[in-house]
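Two complexes, one shared chain (chain A), two partners (chain B, chain C).
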Partner chain A sequence: MIEELRAHCKELLAAGRVDCIYGLEDCDGACVPRFFTTAAELDRLVLAGKQRLFFTCRPADRNLVALQQAQRPGVRIGIVVRGCDERALLELAKLRQLSLEGVEVIGVACNRSQAEACRCARPYPREPVLGEKVEGVAEDPALTRFRRMRPEERLAFWHHHLGKCIKCYGCRNACPLCFCRECQMERELFVTPGALPPDFPLFHFVHMMHLADRCADCGACEDACPMDIPLRLLKTTMREAVEALFGYRPGSDPAHRSPFADISRGEATHG
Partner chain B sequence: MASISTLSVCPYCGAGCGLDLQVHDGRLVGVRPVPSHPVSQGKLCIKGWNANEFVSSPERLTVPLIRRNGTLQPATWDEAVSLVAARLKAAGPARVAALSSAKCTNEENYLMQKLVRSVLGSNNVDHCARL
Partner chain C sequence: MSFEPKIVAFLCNWCSYTGADLAGTSRMHYPPNVVSIRVNCSGRVSPLMVMSALSKGADAVLISGCHIGDCHYVTGNWQTEKRVPLLKKGLEALGVDPRRVRLEWVSASEGARFVEVVQDFIAEIERLGPNPIKGASHDRRAACSL
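Entry: the complex of A and B
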């Protein structure tokens, strides 16, 4: 699979269809996102389960694709994406954090065991170049258990889990769709400085609300949490509410605008 | 723009979480967790997430300081080590204690207790994690 992917990317470069490839590089056993410009470099291109492709949150995590596009107008970039990466890519484009112009999406479908490892419902990009689309995990078992809880049990559940938070901001830092320069999770109005655990439930709800119409369901927030807080449950239930109310599914259709983007124009329909 | 990632280990505590240091144009600007790291498995605490900050902090000590006439003044390593040795010698074993650290390597901690027990002749050895 990885050899096929490298060969495909090398072909794109050789044929002049793209100027560079954006993907994950094997770096001493860890994986990091980078640009590849030669066939030799592409021998280090990898696909890695838990490593994400887009980091946009903090000054250090400068959005590399947007930077490249700003520095080289008209640059054509091939981007190697899995399902989760593509959803993030499409939402970032809608939110004008990067441009899809000149971008060649190189989609790779994950297999069933990878999908299960990530508890992923859509383990494939829209049009995979490599791999077969396999059915995703129907429902996260944690979500199934959560659905059976009564409201007071849910409240106790969240008090227990959110009470473990050590406010490392890892969920926000790791999120590919978090890019506000001034983060509301750092505002004293919502979050008391120096207090642990952070204000229930505002700290986590700020993140949840901001992601309601853009969460790519990649699981980066939950993977980054050192306290094992089931953060995806928050995001998934919120996403479901947005889908039920507005028929909007983040990352599925590049032409479909977020209902929240249209609220100011009075076009949103409720229910 | 040159962007480099360098793998390292968090210097803050004894856990030893994996860090992916973000270097842009020769400057350390950020830290990311390492999902494949056997210890931290892609997680970090807030100190790890911001471990890059002290590297370029203007408050970081870059030379030894010796207090002279009530104020700390820059000194050479030779001066500093000689002063410490003289003071330790003057104090004697019963009035000396050493605190090592969980963020040092095993070898450094071994050398620390060896120095205190064999050279200074004291059993007063402990480490910062018990403070």
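Entry: the complex of A and C
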């Protein structure tokens, strides 16, 4: 699989269809996103389990694709994406954090065991170049349990889990869709400086509201959390709410814009 | 002791705040449980501000602005109209009753309607009882600092 991917990328480079390939590189066991420009470099291209491709949190220059596009106008970039990466890519483009112009999407579908490891519902990009689309994981049992909870049980559940928070900002920093220059999670108005655990539930509420219409469901927030807070339950609930209310699913076609990015009236119902 | 709900009302400068003012100048009576906060437009009210009010002591939050089509910033209340249902879903996810947040359109001439809205809302919150998340972080930290 990885050999096929490398061969495909080398071909694209050799044929001059792209100037560089953006993907993950194996650095002695750790994986980092980088640009590959030669066939020799591409031998270190990997598809690593839970490593995410996009890091956009501050400082803003972590958004490597946007930097490359700003420095070299007209650059053609091949981007190796899995399902979650592609959803993040499309949302970032809709939010004007990078441009899809000149971008060649190299989609790779994950296999069943990878999908299970990430509890991923859509483990494939729209048009995979490599790999077969496999059925995603139906539903996380934790989510099923969460759905059945009564309001007071939910409140107790979140008191327990959010009370463990050590305010490391790992969920925000790992999130591919968090890029505000001025983060509301650092604003004294909402989150008391120096206080632990952080304000319940405001600290986590900021992230869940901001991600409602853009979450790629990659699970980076939950993986980054050192206190094992089930953050994806919140993200999934909000994503489903946006879909139920407005019929919008993040990571969908670039022409389909979020109801909140659109100033028109939309399909909203009286709340 | 009977429960006196505290309600924070975000009122738009052009319609609802003026509507509330009209209720006052017309000497209409309504319970003093409402703390009004004047905002330029109901579209300015972020879900974070609502959650902030709820977690810092309010039992409920009223958001009120111009009727649809009357927004002085043309599209402001359309945004409110989209945001509030999502905010309610967020409250539900956390286990807070979404009825604690209400969106009502009140125009500058509807002083009587403002009074009705407030009375009805207060009656509902009295039935729901105190907001379970108010002061939650403070209590928790006090317990931790021992």
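Here is the rule we use: the second predicted complex is superposed on the first by the 260 of 271 C-alpha atoms of A that agree within 3 Å, B and C clash if a C-alpha of one lies under 4 Å from a C-alpha of the other, contacts with A are read in each partner's own complex, and residues count from 1 in each chain.
As a convention for this text, a residue touches a chain if its C-beta (ideal position, glycine included) is under 8 Å from a C-beta of that chain, and two chains touch if they have at least 3 such contacts.
Being a predicted model, the structure only gives us computed values, none of them experimental.
Upon superposition of the two complexes on chain A, no clash is found between chain B and chain C, which fit side by side. Contacts of A:148 after superposition: neither chain B nor chain C is touched.
Once chain A of one complex is fitted onto chain A of the other, the partner contacts of A:181 are absent, as it touches neither chain B nor chain C. In the superposed model, more residues of chain A are touched by C than by the other of chain B and chain C. In the superposition on chain A, contact of A:159 is made with chain C only, not with chain B.
The superposition-derived angle at chain A (between chain B and chain C) is 100°, Cα centres, a multiple of 10. The gap separating chain B from chain C in the superposed three-chain model is 19 Å, by closest C-alpha atoms. On the chain A side of its complex with chain B, the touching residues are 27-32, 34, 48-51, 55, 58-62, 64, 67, 71, 166-170, 173-174, 223-226.
Of all residues in chain C, only 47-48, 51-52, 55, 68, 75, 78-79, 81-90, 92-97, 103, 132-133, 136-137, 140-141, 144 touch chain A in the complex they form.
Chain B meets chain A in the complex at residues 1, 3, 5, 7, 18, 20, 22, 24, 29-37, 40, 42-46, 48-49, 52. Chain A contributes residues 149, 151-159, 163, 184, 189-190, 192, 195-202, 205-206, 208-209, 212, 233-234, 237-238, 241-242, 245-246, 259-260, 263-266, 268-271 to its touches with chain C in the complex.
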